[in-house]
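In what follows, chain A forms one complex with chain B and a second complex with chain C.
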Partner chain A sequence: MFLRLLWESFARQRRRKILAGLAILLGVTAVTAMLGLATTIGDRIHQELAVYGANIVVYPKADTLDVKVGEQSLKPATGNAYLHEKDLEKLRGIFWANNITGVSPELRASLLFARGLDQRTISVDTVGLWFQHPFGSGITGAPQLHPSWHLQGAWPTPHPQVKDGQYAVVLGSTVAKRLGAAIGDDILLGDSHVTFDSTSPTPAIAADHAKVVGILNTGAAEDNEALLTLADMQDLAELPDAVSRVEVSAKTRPEDAFARRDPDALSPKDRDVWYCRPYANSIAYQIREAIPGAAAEQVRQVEQSEGTILERISGLMWLISAAALLAAAVAVSAAMATAVLERRAEIGLMRSLGASKGRIASLFYAEAGLLAMIAGVGGYVLGSVIAAALTASIFGQAAGVALSTTMLHAFNPVLLPVVLALALIVAVAGSTASIRSALRMDPSAVLRTGA
Partner chain B sequence: MKMVSEAQRQHAEAMLEHAMPVIQLVGVSREYASRSGVVRALDDASFTIGAGEWVAITGPSGSGKSTLVNLLGCLDTPTSGKLTIDGEEVHAMSGSELDRFRADKIGFVFQQFHLIPYLSALENVMLAQYFHSMTNADDARRALERVGLGARADHLPSELSGGEQQRVCIARALINDPPILLADEPTGNLDAANQKIVAGILRELHAAGSTIVMVTHDPEMAALAQRKIALSHGKVFCHPVQHVVVKLAQ
Partner chain C sequence: MTAASVARRKPMSENPDMGHPSGFSGDKKSNGAVSLPRMLVRSLKFRRARSLSALAALTVSAMVATALLTLYADLDAKLHREFRSFGANVVATASGAVALDEGMLRQVQGVVGADVTVAPIAYAVATTDRGTSVVVAGVDFAAMQKLDSWWKVDAWPAGTNDALLGQRAAGFIANEREVTLSYAGKAVTLHGAGRLSTGGDEDSRIYVPMAAFTAWTGVQPTVLEMQVPGGAERVNAAIAALQRAMPGLHVEPVRALVAGESRIVDRTHSLMYGAMLLIALTVAISVLATLSASVLERRRDFALMKALGASQGQLIGHFLLEALVIAAAGGVLGYVLGSGVAWAIGEWNFGTATLPRVSLLPVVLALNLAIAAAAALFPARVLRGLQPAALLKGE
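Showing the complex of A and B:
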């Protein structure tokens, strides 16, 4: 009987209910869109800010290092200490391994470049990097950490894959200009010990052949550099397995006061808490633990701007959501007030049949709840779609994410119960005043007027 | 009709005491506070109604008939005085106790029928079962058959004539076997033919032992009752003792 009553009375007063339902729907849509954005926005902002570099750098702790370097034929830019490339696998074993989104090791050395034996020779800061390097289940490398890099041509591949045993090299745009080199050109490169300069060409034995596979334009230091694969660089520098610096990009929790504490000065319990939170500091700490001889630090600026942007955005979103829900509650209460008023006689009759106030209230609340559920689901779907569209339009292009993938992400099942609960709260809050006033009415007076 | 003397009234009450009072009013008043001052819709009413009695309440418009019926039906509580129904002191009950009491003891028949428009005749009857205890479609159907509407059980109120709607209303009032049936102008909105049908049903109910308190303007309907209580300006004005005595003696 309750269900029958609920269903039949639900189907009545369509216009008022559509009005109230629409209000809930719009409120829920706004909230779903906001929450949907808020949950994806952290990831997306992180990706966006990754343009400016990694948020953790790892470098060798020079004083305690004992790296077995073959022949010290080269003077590396970072001093004599190196990390082991094979140790980078250990990053995958740290507590917050899954938060690491990119790893880019580098080995730097100054090399001499020339178009040919009789051409001008210049000294170029050369960096060996990972390109499309398998790491865990995905691939990573310098391009992933530097999405803003603009490349013409292709990234270098390890030299055995290039015909004639040549090295593949990408030149910074300035270097390419100075050398007068274009994609596809053969160039010579050699280490700085083999001093060949413009006046006295170096003996051919000291020089290696390389092919320009791409030209890089970043508007930054890289324009004055040349890029090789890390393996090639290690080969050229005769530093097998050596890495002079590693950039790590990790999803982190915005820094707070606790994040800045020194873990070794904390109580064991606090230390555990600190350790198990994805602060950049904690991740850096775990990297230090995992990789022997490594020092790791967060890159402050990026980290903090990420945190503040997220904070501001989420604050704004809460405000908008609260306003949308409040507006919905007001609209619901207006619609319910008239709806209940129109049914005064019905309420009076139910009272005359001995229905308690609680039972009548539960009937009306169930009706409001049903409306909230229907409008809530509608709002969830609509809001998710809007969130996806917004995400795509704000971030889509830069992050290179297709709308369809964003759509898929947008339907966050965790949000559904949350927004349904909110819809329910709005509906109940909006109808409470009118239901209460209806129950306060004198049933005898209502029945007398015979509305 | 003339004002009854105090002695006559006491005599009548003494007589009725034997008839096991279901309803007893002692100095019951109901006042409404309105903008233009306090309205005494019912003024110091004292009388009893015995079990199985059929009482007609008469009086001019605004004399307090509906007020009295609402008090008897526990939809309203007296401003002062004692109201006892079926041995229980209604004036002292809490709101939820009154709800329960109303479901158990009172069946209402309204002038405006007050059927729920989106429920069928059968469901309207079942609604009373629902708020009382448990719904039972067979019982509800039987109640409709009793008022001659077995064939119209699945019709909506809008598909029924006024007389048929009133019969649904009576079936609904009867479904929980309440000891008291309160009817506020049950035939006020009906034509002569339908009034006759409703009168017939009420007569059957009375014969079956129901206590009926009925407000009516219609002398014909009032004549069906065993006793009349006349109201004027909120006062129980006329108490035709002889009539009661005669009826009781029959």
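Showing the complex of A and C:
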């Protein structure tokens, strides 16, 4: 009987149900979409902030001092402390390995460049880097960590055989201008243990041949540099497996007071908590543990500022979600209250036919609950799709995410029970006041006047 | 005695006012037919619960709209302000014979505007007491503190002879308290105020107050780091103005920073816009549904008025006016509440107040009135075909 009443109520009062259901549907849609955006905004903004470069830097502990001002080195780094390239694999074994989104090792040395043997020779800061290097399940390297680099041509590839064939090199725009070299040109480069001295006469260099495969324009220090693959650079500098510095880009949690504590001074329990939170400091600490002889540190300019911006933008999204929730709650409870008030005559009839107040109330609550469930699921689907479409259209181009791939990840299963529970609570709470006031009325009076 | 007489006389003195002929004139004029304003007041008064719930719905809609619009209007400025924590976004380098002395600095500040932080920096390579080469930078610490908020410093140097040691540079100095440096044969002893750690190039340098630096090395500043507030247009304008006024300076934006900043601000802007539309739509449709349902519910009133001789136009006018009065009240109330919410969010999330925007009041009012008008007119079609007699009988 109860189920039949419920069924008939939905089947016969379609207009009213649609009205109340529409309010719930829209409310849940807005809340789901906002929550969906708020929970993923952190990752998106982190991707966008990647233009500012790595937030953790790793260098050998026994390093020498860089004598470097702005864009140019005043003295070549003559240090002889290096990290091992093969140790970088260990980064994948640290606790927060999954938060590491990019790794870019580099090896620097000054090399001599010339268009030909009898041409002007210039000394150029040359950097060996990873390009399209497989790391874990993805591909990483310098271009991934520096999306703002503007390259004409192609990234260098390791040259096929040692001491045979040509090295592939990318020149910074200023270097290319000074050399008068263009893409496709052959140039000579020499390994050099010379000091920084651009007036040195054309040396009899044991020249290697290289091909210019690209010109890089960054508006920063790289314009004055030349780029090779790390393997070639190690070969040229005769430093196998050596890496002088590693840039690491990691998803981190904004720093708070606890993050700034010294882990070695914490109690074992606090230390575990500190260790298991993705602070830049704890990731740097784990990298120090994993790679022997390494010092790792957060790049404060990037990390601190990113933290603030991430916090502000996601804070804003959460607050807007709260606004959406409030608006949806008011709208849904108003719609539910109206739906019950409209049916006072029905309640009066049921009362006069002998239904107990409890039975009537439970019928109405069951209706509200069922409506909340149906409209809630619809709103969840609609809201997830809207959130995915918004994300794809706003962040899509830069992150290289197509609409179809965002749609695949659109449905966050954790959100479904959350929004359904919210819809249920709001629908039941919204109808409670009017159900109670309707039940308090004298059935005969309601039946006589009620329309 | 006087108090008692005043108390007794007071109501008396008000009597003439209450009984003043003009007080009745309004009623007299409308004696023939029930006046619209009066019906409106009565209708709002006697159906208080219903009017209040409509008022609440319209207040919430105006509140949400005001809060979101206020935040939206202020969003770019707020985000750009946050991005200033990345430090300098314009770097000027002196080329050739241009000296960045005091007079030049004032000139630069005059060109770019007073709200731009300008930090002059001079560099020299000196030798430490251990014989290592190290970059020493002469700076204005007050400007650096403003510019580079991410610097982690034990204590900012206050004295004229205090130096700040980069943490890696500090490893190459024997005595960190009394730092002895030599440049071109001239030695100087500075007081080490503390260590600096940034994770960047700064870690390998020693920072010295500008006056002490020039007195020691005789080297003038060659670099100006500038923090221009606002977006890319403002940065480009400042660069163009500097290039025009001072051709001797090589002025460059910090490209990655400026480009990334405008992209993130744009993205957040669009996201906020999408969210705003979504929420506005939800609120508008829900309020519309609620209000039109409550109008439908008053079919009996409608029928009675029709039976008493009211025309269709009069009836719709009545409902419309009633809805508009509530909408206007809700709009004003919601504007005040929404401005408060926006202020609180601005204060809480961004640390700066978001001031109410008077220009939004007409927008919010118009939105609210449009929703209310639609809600009142929507059921009019249903009510037109109504048979008063049948409805009044209870069918």
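A few remarks follow.
We adopt the following convention: the second predicted complex is superposed on the first by the 391 of 451 C-alpha atoms of A that agree within 3 Å, B and C clash if a C-alpha of one lies under 4 Å from a C-alpha of the other, contacts with A are read in each partner's own complex, and residues count from 1 in each chain.
We take it that a residue touches a chain if its C-beta (ideal position, glycine included) is under 8 Å from a C-beta of that chain, and two chains touch if they have at least 3 such contacts.
On a predicted model such as this, the values are computed, not experimentally measured, just so you know.
In the overlay built on the shared chain, the residue A:291 is in contact with neither chain B nor chain C. In the superposition on chain A, contact is made by A:386 with chain C only, not with chain B.
Judged by the touch definition given at the top, the superposed model places A:2 against chain B, while chain C stays out of reach. By the touch criterion defined above, A:350 lies against chain B but remains apart from chain C after alignment on the C-alpha atoms of chain A.
Look at A:420: by the touch rule set out above, it reaches neither chain B nor chain C.
After overlaying the two complexes on the shared chain, residue contacts for A:299 are found with chain C alone; chain B is out of touch. In the superposed model, A:212 lies in contact with neither chain B nor chain C.
More residues of chain A lie in contact with C than with the other chain of the pair chain B and chain C. Contacts of A:107 after superposition on the shared chain: neither chain B nor chain C is touched.
Residue contacts after overlaying the shared chain place A:33 against chain C, while chain B stays out of touching range. Residue overlap on chain A between its contacts with chain B in one complex and with chain C in the other: 448, 450.
On the chain A side of its complex with chain B, the touching residues are 1-2, 4-5, 8-9, 11-12, 345-346, 348-357, 359, 442-444, 447-448, 450. Within the complex formed with chain C, the residues of chain A that make contact are 19, 22-23, 26-27, 29-30, 33-34, 37, 41, 44-45, 48-49, 51-53, 56-57, 63-70, 74-75, 146, 148, 218-220, 297-301, 303-305, 308-309, 312-313, 315-317, 319-320, 323-324, 326-328, 330-332, 334-335, 337-339, 341-342, 386, 390, 393-395, 398, 448-451.
Note for the complex: chain C touches chain A at residues 53, 56-57, 60-61, 64, 67-68, 71, 75, 78-79, 82-83, 85-87, 91, 93, 123, 125, 132-135, 148-152, 168-169, 172, 197-201, 204, 223, 252-257, 259-260, 263-264, 267-268, 270-272, 274-275, 278-279, 281-283, 285-287, 289-290, 293-294, 297, 299-300, 341, 345, 348-350, 391, 394.
Taken together, the chain B residues at the contact with chain A in this complex read 66-67, 70, 73, 75-76, 95-96, 99-104, 106, 108, 110-112, 114, 116, 118-119, 123, 126-132, 135, 172.
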